[in-house]
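The same chain A turns up in both complexes below, where it pairs with chain B and then with chain C.
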Partner chain A sequence: MAVCPVCNAKFDSGDYYTMATHFINLAEDSDAYHVQWINRNISRKKMDITQFTSAIENFYNIAHGGIKEWIINKFVEQFRGENPHPFILKMQSYSKPVMMGYAIEHYFFLKQWVKSCSIIISKTDLDDVQRYEIENILSEYYGRGRKKPHIELLLEMGEELGMDRVQIFATEPLDSTKFAISRWKEITNSCNWICIMAAMHSLELVANSKLNNYGAKYDYFNPGMLDSPLVPDSVKKFLGEGYKSDYSHSFRALDIIAKYCHDYNMEGIQDAYLMSAYAFDRYLEARMERGEMFENQ
Partner chain B sequence: MAVCPVCNAKFDSGDYYTMATHFINLAEDSDAYHVQWINRNISRKKMDITQFTSAIENFYNIAHGGIKEWIINKFVEQFRGENPHPFILKMQSYSKPVMMGYAIEHYFFLKQWVKSCSIIISKTDLDDVQRYEIENILSEYYGRGRKKPHIELLLEMGEELGMDRVQIFATEPLDSTKFAISRWKEITNSCNWICIMAAMHSLELVANSKLNNYGAKYDYFNPGMLDSPLVPDSVKKFLGEGYKSDYSHSFRALDIIAKYCHDYNMEGIQDAYLMSAYAFDRYLEARMERGEMFENQ
Partner chain C sequence: MKCLKTNNENGCALCDATWGEYYREIENEKMFFCCNICADIFENMVNAVKKETGWDHIDSVELHGNYSKGRNCTATSGNNTFRYYFRTYSDGRMMEFKKL
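The block that comes next holds the complex of A and B.
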């Protein structure tokens, strides 16, 4: 089965003709979300149904480099390529409101993150997968010895930027964050461990500092921020932590997926990635939207 | 809804009359499992339907002491009271074959344990519950700093008793272990977090050394084994670890359940406990059965 990452419409496995028709019809109806997805992932050029079908077929093709490279290439194209996600552009210079928006929406992301990752442990018997996820939960959520977890660094950043953590807990996430979380919940509850892993850990590529070989044109954020006297310490600590660790972390997950993928339905893994990447795209918009709310206050 | 812990037959909530009829009918048909459950949990005396209904009603009554005491009292009665589980009797002196049986069957128990506990993290947003379960996974399965996890101490015990760990991994668990695991899987997949917690962490009461006030007549094992020159070091380490920590650990889980139970269906929590305790009863038989297989070799 193939799935439209935007609206979750289902198609028979490999039926890219019907999928292309779906996209073309919605583009003709000027459906903003589908148009945006096509622009960011397929092409900005107008195509007829034959060209579009062939473009989608190409899009799913993993003959070169296997699933690991496929996920990295797709992620880079959608978020950090020539035409990057607007949130990545925002992160090329320090902006207090953007980081405040980040602190709020990302708290809710991390609350879902720990749920998605812990269910992976319960859906497999593989020791390396379970250990990877336990380590991930420690570094993101619980802490390791004296090392604070990512969620604590996030909350401390929020505090230095002027927001009490109780205020963050009590905030309602924005609609795009809610949409993304509900999709990650759906993936978490209905998919097998390898699909959940592809869906969740691919997202850590956003902060991976070693993606230049894969065509990344932008860093996650301007690394000059880490040395700038204008940037608060807690922001440096929060961003620096991910900058140092997420590249090995995200590659390790993709290596695990590549190791076991042949025992599973490959298209299912690709769909889980695409569904999640689309949710992430919308979620990054929520970070910006929240930042704009602070900017306009 | 009330549930027969033996065969999972369902009854309307509080309909103890029909439940009593179910037990009486199966006892009259000499169904060994139902008879055994009645003997260990209700009474060894023959009762008519009125007496039996009232006994079941009494059995579910948590008016005195609430859910924490109810679980402890039920557990003690079934496993460590006047009429203890035969496995507890076996553990009153050191037996190499029994510990070998324990090492094999318990490996499969712990593989399921980590799955049941990790899903609890994914089914709640409560920070204290999630942290408790992460800590539990570290001590049972992953390790904390230099402290080896319980599963590693188990495997090292198996090795000192003459069984390679690869041999343990490759062994098929006995039918009673399989039955128990499949029931824990069912609870894990279908129940809410508090029911899974009641089902799983109540079982740690087996090794709790502070149950004398609750009527326990037997220790989990003869504590003299910890000082005996006849007992291998790895057995002492394995048993000693649980002996030192399980009492606070199991009480902490029951305190969490007591804290939040009023937001949930109480009978559902009781049923989850009863279903799991019955599975545990059968699983302890598998430990003995495996021990006997070594004894007869």
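The block that comes next holds the complex of A and C.
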């Protein structure tokens, strides 16, 4: 099965012709989100159906480097390449409102995150997968030994920046966050464990500090922030922790996916990734939007 | 009749993409856009420039950049020029607009 990452329309496996037709028809109608996706992922130059079909085929091609490299390359291009996500650009210098926005929207992201990880556990009998997810839940959500979980570091950051955690819990996430969460819910409810893994853990690449070999042009955030006297301690702790752990998290998950992918439909894994990356793109905008709301207060 | 020109001559007045076929009249010019979001962005930008400068008409806009890094622009009206930078959310709402 192939899926349109924009609108979730479904096509037969490998039927790139019908998928291309879908895009071309919607582009002819000037459907904004489809046109935007084509402009950013395929080309801003109009193509005929034959050219577009082979462009889509090429887009899905994993002959070079397999699924792990395909996901990393796609992710880097969309979020940390030559034209990075605007949120990444915002993170190249410290901004208190942006970090406040981050604290609020990311709280809701993490609430969904832990649900996705536990659904993966429930959908497989593979030991290494279950253990990986348990470790992930511990470090993101529960803590390990004396180490605080990521969600606690996030809330402490929010508090140092002047928010009450009760206020964070009670805030309604922005529409872009809600859209993303509903899509992740849908993926976790309807997909098998390996697709959910591809959808969720690929997102941890955002903070991975070892992506330069894959063409990353920007760090997740300016590492100078970790030494800057202008940056509050809780922000340093929060960012520093993610920086270290998301590196091993994301690569380890991709290694697991690469290990088992041949027992599953490859295109399904790719589509789960694309659907999730599309949602993540919107979600990162919510962090900025919330930051802007604080800035204008 | 006065109208508005941009440096994007191949396609969409904002992003130069040749997909889509969406027209909107802005500053008396029937302009081509790839989608309604690009049209919204362009229209909001025109209004922001007019508000900032007090001009009642814009003759031309030169845009350099993209959705990721935002756009550096030069607008002209008669003998006047105005340089600015702006960036939007992907649904078209203005994120940042500043005079250069």
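Throughout what follows, the second predicted complex is superposed on the first by the 297 of 297 C-alpha atoms of A that agree within 3 Å, B and C clash if a C-alpha of one lies under 4 Å from a C-alpha of the other, contacts with A are read in each partner's own complex, and residues count from 1 in each chain.
Everything below uses one rule, namely that contacts are C-beta pairs under 8 Å (C-beta built on N, C-alpha and C of every residue); 3 or more make two chains touch, one makes a residue touch a chain.
Computed from a predicted model, the values in this text were never measured in an experiment.
By the touch criterion defined above, A:121 reaches chain B but does not reach chain C. By the touch criterion stated above, A:130 is placed in contact with chain B alone, chain C being left untouched. When the two structures are aligned on the shared chain, A:222 is found in touch with neither chain B nor chain C.
Legend: residue contacts after superposition of the two complexes on their common chain; A:111 is shown touching chain B, with no touch to chain C. When the shared chain is aligned, no partner comes close enough to touch A:21: not chain B, not chain C.
Contacts of A:89 after superposition: chain C is touched, whereas chain B is not reached. On chain A, the surface touched by chain B in one complex and the surface touched by chain C in the other have no residue in common. Chain A makes touch with chain C in their complex at residues 27-28, 30-32, 35-36, 38-40, 44-46, 83-86, 89, 281-282, 285, 288-289, 292. If you check the complex, the residues on chain C that touch chain A are 11, 15-22, 33-38, 66-70, 87, 89-90, 95. Residue ranges of chain B in contact with chain A, taken from their complex: 111, 114-116, 118-119, 121-123, 125, 130-131, 133-134, 137-138, 141-142, 145, 188.
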